[in-house]
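In the two assemblies presented below, chain A is common to both, partnered first by chain B and then by chain C.
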Partner chain A sequence: MAQPFRVSDLAGIQVRPARLWTHSLSWILFVAGIALYAHFSIVRHRENPEDRVIPSATQMIHGLKASVLEPAEEDDPLDPGATLFQQVRHSMIWKDTASSARRFFTALLLLVPAMLIGLHMAVFPYVGAFFLLFVLFFDKIVALSLLPILFIVFGIDEWSKIMLMVIGVAPTLMLDTYNIAGGVPKEQVVKAFTLKSTNLDVAYRIVLKQVLPQLINSVRLNLKPLALFLFAGEMIASTDGLAYRIAIMRRHMGMDIIIPYLLWVALLLFSLDALLRFTNRRLHPWYQPL
Partner chain B sequence: MQRYPSALILRVLKQTNSAHRRRTLRICFAACARMVLMASLACGLAFPAVAQSPTFTVGWSVYAGWNPYFYMSKSGILKRWADKYGVVIKVQRFDYAASLDAFVGKNIDACTMTNMEALDMPAAAGVDSTVVIVGDYSNGNDAVLARNNLTLAQLPGKPILLVQKTVSEYLLERAMVLNGLDNQLPHLKLLNTSDSDIVGAFLGDKSNQVAVTWKPLVSEIVDQDHGVKSLFDSSHIPEEILDLLVVRTDVLKRPDGSGLKFAKAIAGAWYETVAQIAAANAQAISGSAAASGDSVASYKEQLRTTYLYSAPQSAAQFAQSNELKQKMDLVRQFCFRHALLGQNVQSVDDVAILYPDGAIQGKKDRVRLRVDATYMQLAAQGKL
Partner chain C sequence: MVSAALRLVDAVAAQAAPQRTEIELRDVSVSYSAGKEGSKTVLSKLNLKVGAGEFVVILGETGCGKSTLLRLILGQEFPTEGVIEVDGKPVMSIDARCGYVPQKYSLFPDRTVLGNVMYGPENAKSRFLARFRPSFFAYRRKLRVEAQAYLVRMGLRPQDMNKYPHQLSGGMQQRVAIAQALLMHPPVLLLDEAFSALDPSTRASLQEQLQGVWQESKPTVVFVTHNTSEALSLGTRLILLRRHHEDLAGETNLVLDMEIPRSSLPLSMRVKSLEFQELLEHVRQLAYESSSLHTDDSESDSSVEEGTLA
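Take a look at the complex of A and B:
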């Protein structure tokens, strides 16, 4: 039986808020953020109707339309008879998302071997001895400052950007994997060997299997640094991509495009994070974090 | 109780008795607190005195033609002129993009910028702006560089490193147009590269064959790789890439008249400064070189490709000429073609320019950029 709400509940620990309460509370800050933005936008537009620093809703809808329905400036314009699907398919935001996503997922794929190295570091003492100190040190290097070298080694095209992301995030993931895998109780390893496991059995079927949900969570936490490095790389040198467009738009204060782009990036990252979380729960229903 | 704090700290260090140390520390804190209080009181007393004379902030960024602003404020020239007109002028250095953001955000009152940015940043964002000083034009500071003896006709298809949507792209387009290669423009493959990394990216990878940039980056590239040649530079398009001092029109038109005083003061100080530079005054040149951390030799080399309007009459004359209108028309058409005036600006005439003779380029009710020769003229007549 649900208890009626009392004001003192707000500071209580032993309370179970009703669904309606939790839902409405979680939207308050969103609403406040939008209201604050609208306030500043209105104030600035009252002073200068053409203000571009804090675009109004109409300006942003205009910018959104331009980025979703019109091809990028450097591309050829579409025929006037194009269908909506064709319009979206050749739009600026589609093109930028596709090229950024390609870089992002390539880097993400390259992080898998990094995590496996971390696993091996934790399980095989000689591998650990070989890598650990170097990775610990390498992790502290600010990857962004290596960019001129990356340009020379990997060229100015895709690979320098992908490697920037990998170099920036891989050491952290390796160390995290190392720590997580190191936490698997030794007794289990011994037990597995008494049951005639081989070395690789222990590494992949005992340790990896147990730590996989934690590794996926670790990747989730690293999505943001990954995006950050992607943005840094694209802003420094590129011909397309989400951050490229933002960098170009900044040249003439095209905030009416930049803000929808930022929200779009946030939405993409949020969805990817949610997807990983969902997959994790489906794959590992037994995993109950503390 | 009024003790000198550092003496107190010494005593604190010497104390071994911990209770005594705590007490001494307390005294020390009390002394500090009192000092803070007194300092804030002093400020409180000092501020109203400052507030009586209106304060203006000028933003500038590193460039051969703008470095003199640093020397101007450091040498006391600016202070002398500001005092003469009873205003306070602060000079602040920014990154170029940040200076424009600050100007459009109305955080600063005046800012150095090129004619192109004056049009596509403040003016296009609805911030009515007035050009009070036409300082110089790029007379070779911006250049199209290429390896392997490439020619302009061979550029299409090759990646071109440049900061897009800046004068670099403008220069490249003009180079193509002036060489009859207009139809090749859509085939250029532009690679947006940040100016902080363009030198490394171009020199480090020989497969990057073309770059468009400005000095001192041009000199850095050419000095380090003798196989790089300049295909085209801004001396071929004189008076098109102008470096200006722009003041917000509402600041200039302040009802108390302080904006006019500010403009007069800064114009007076500017022409005194550039006269020194034109006369190769060693102090003025080394002071301006120091603004960007350049060596004197490197700064002099940059000045050679910068046409400084050191005489106010030449600046005033140019500001009132028909050439300015023609050059500005090229620039505004470029800005419009590249959507730099805004995504939803339907016509190039929506961001109109008012010239000293009253002529308007664009729609009469949409004047956003004004060229005002008054202050250059006054300087020329020695009436400042």
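Take a look at the complex of A and C:
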């Protein structure tokens, strides 16, 4: 039976908050953030009703409406009789999200071989000897400093931005995979060989299967760096994408667009993270995180 | 249903009686580099011949090279000097003729109990695309029945078959690990302190089961333990090792190699007999003289005997 709440529990380590407490506490900072924003917005709008630095709720709704239902400035205006679906389909936020998502998922796909290299580095000692030092060194290169080289090599369109993401995150993922796969107990590998496994069986059916949940977690942790490199690329050289729009809006002081965009990006990453976490739990019911 | 399953196991065991395998170690020494201190010798000038169907128990204090010896036979490590042969052929890599049960991490955590036990035979039967043939599915169905029968025999309940290893107790996990190794019908079975992390009653029950399996199909068993009572009650032969010291340079660290007198008594009764107790005292004395084995051994021994009697 749950213990009644005492104030001293707030500083206790060996306490188990009731579900209601957990849920209530986790929303407090959101509510506080919104309240603070509203407060400062009201104060600034009292001084200047046209203030654009902290847009009011009305301005924000207008901005949101413009993002979700109207095409971007550079696009042709939509037929006035267009359906809601057509409006959303040709909206600014849809176009930007689609462009950014295309780059993001292409980079994510290209990171799969990087993880496989990390796996091979851990399982096959010669592969490890071949790659390890180079990857360790490469990992220390600040990916953004490679941007000029990438622009020269790949041009300023899609591939330079995708490669920036891949080069920025791949060494970390490779090393992470290498460490995780290297942590599989030796006994498991020996046991697998006594059960007539081949080298590839051990690599893919024993080690990879065991470390897959941790690799998915590693990808989850790298979603933000991946988005960071995407934003860097899009802000510097792009004609569409979420970060491009934020950069453009900054010039116009369009906080009513920038803030919904920021929240949208955070929501997208949060949802992707939640999806990966859910998938991981469903696919690997045996996984017992430490 | 259980009795039908057991009959099936007996039939399969008789059908797949493992071929006899002899293990031979000649002048085997193992040294590791120990940085500034030069090298550390773990095994020195070890000569050993394990006959086919023997149940050899290797006993000794921590650091005397028991597990190293097992890894050498398995092909996981190689000697600095000397030769190891299984069935007349030098051991060059991990030998799939050996069944292996380590103390921990013996099961694949991502597979269910049945998945763990069926993994080896499935591998042995066919690879990659051949697993999509109808004949493989038929084989799998047959194997499933055999695996279930083995597991029932090892004391698992039908409802445990689809559990993951983390959902089982340590004792249950070791039962599955033994079944996993046995289903491959290995001519050599290597157990590395396989029961040392278990409670006395589980340990006693697993000892009985291992004895039963060995008596039935007589694989060559090499069992590493630091528990004298367990060693004497299970094996047909005892190898006592001591830790290698500087002043033993050039000498073997084999202290004792003796046949353990057989008894027709069941395992639980055997440990209570006077002969057994005298032998136990004798081996403990030897172990005491050659090392500091007595300190932790006496504690674990008493617990095992309690378990065996329970």
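Please note the rule applied: the second predicted complex is superposed on the first by the 290 of 290 C-alpha atoms of A that agree within 3 Å, B and C clash if a C-alpha of one lies under 4 Å from a C-alpha of the other, contacts with A are read in each partner's own complex, and residues count from 1 in each chain.
Keep this in mind: a residue touches a chain if its C-beta (ideal position, glycine included) is under 8 Å from a C-beta of that chain, and two chains touch if they have at least 3 such contacts.
Just so we're clear, the structure is a prediction, and the values are computed from it rather than from any experiment.
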Message: Based on the shared chain A superposition, would you classify chain B and chain C as clashing or fitting together?
response: fit
Task: Answer with first, second, both or neither: which of chain B and chain C does A:D201 touch in the superposed model?
output: second
Message: Taking the superposition on A as described, I'd like to know which of chain B and chain C A:T83 touches: first, second, both or neither.
response: neither
Query: Which of the two partners, first being chain B and second being chain C, lies in contact with A:K191: first, second, both, or neither?
result: second
Task: Counting touched residues of chain A, say whether chain B or chain C comes out ahead.
output: B
Message: Between chain B and chain C, whom does A:Y244 touch in the aligned arrangement: first, second, both, or neither?
response: first
Message: Which partner chains sit in contact with A:S145 here, chain B, chain C, both or neither? Use first/second/both/neither.
response: neither
Query: Does chain B (first) or chain C (second) touch A:K209, or do both, or does neither?
result: second
Query: What is the contact status of A:G254 with respect to chain B (first) and chain C (second): first, second, both, or neither?
result: first
- prompt: In the superposed arrangement, which partner chain does A:W286 touch: chain B (first), chain C (second), both, or neither?
  reply: second
Least Cα gap, in Å, left between chain B and chain C after the two complexes are fitted on chain A: 32
- request: Would you tell me which residues of chain B are touching chain A in their complex?
  value: 97, 101, 104-105, 120-121, 124-127, 159, 161, 164-166, 186, 189-194, 196-197, 200-201, 204-205, 207-208, 338-344
Field: chain A - residues contacting chain B, complex
entry: 48-53, 59, 62-63, 66, 73-74, 76, 147-148, 151-152, 155-156, 235-239, 244, 247-248, 250-254, 256-257
Query: Where on chain C is chain A touching in the complex?
result: 74, 76, 93-96, 98-100, 102, 104-106, 108-111, 119-120, 123-124, 127, 164-166, 180-181, 184, 186
- prompt: What part of chain A is in contact with chain C in the complex they form?
  reply: 185, 187-188, 190-198, 201, 206, 209-210, 284-288
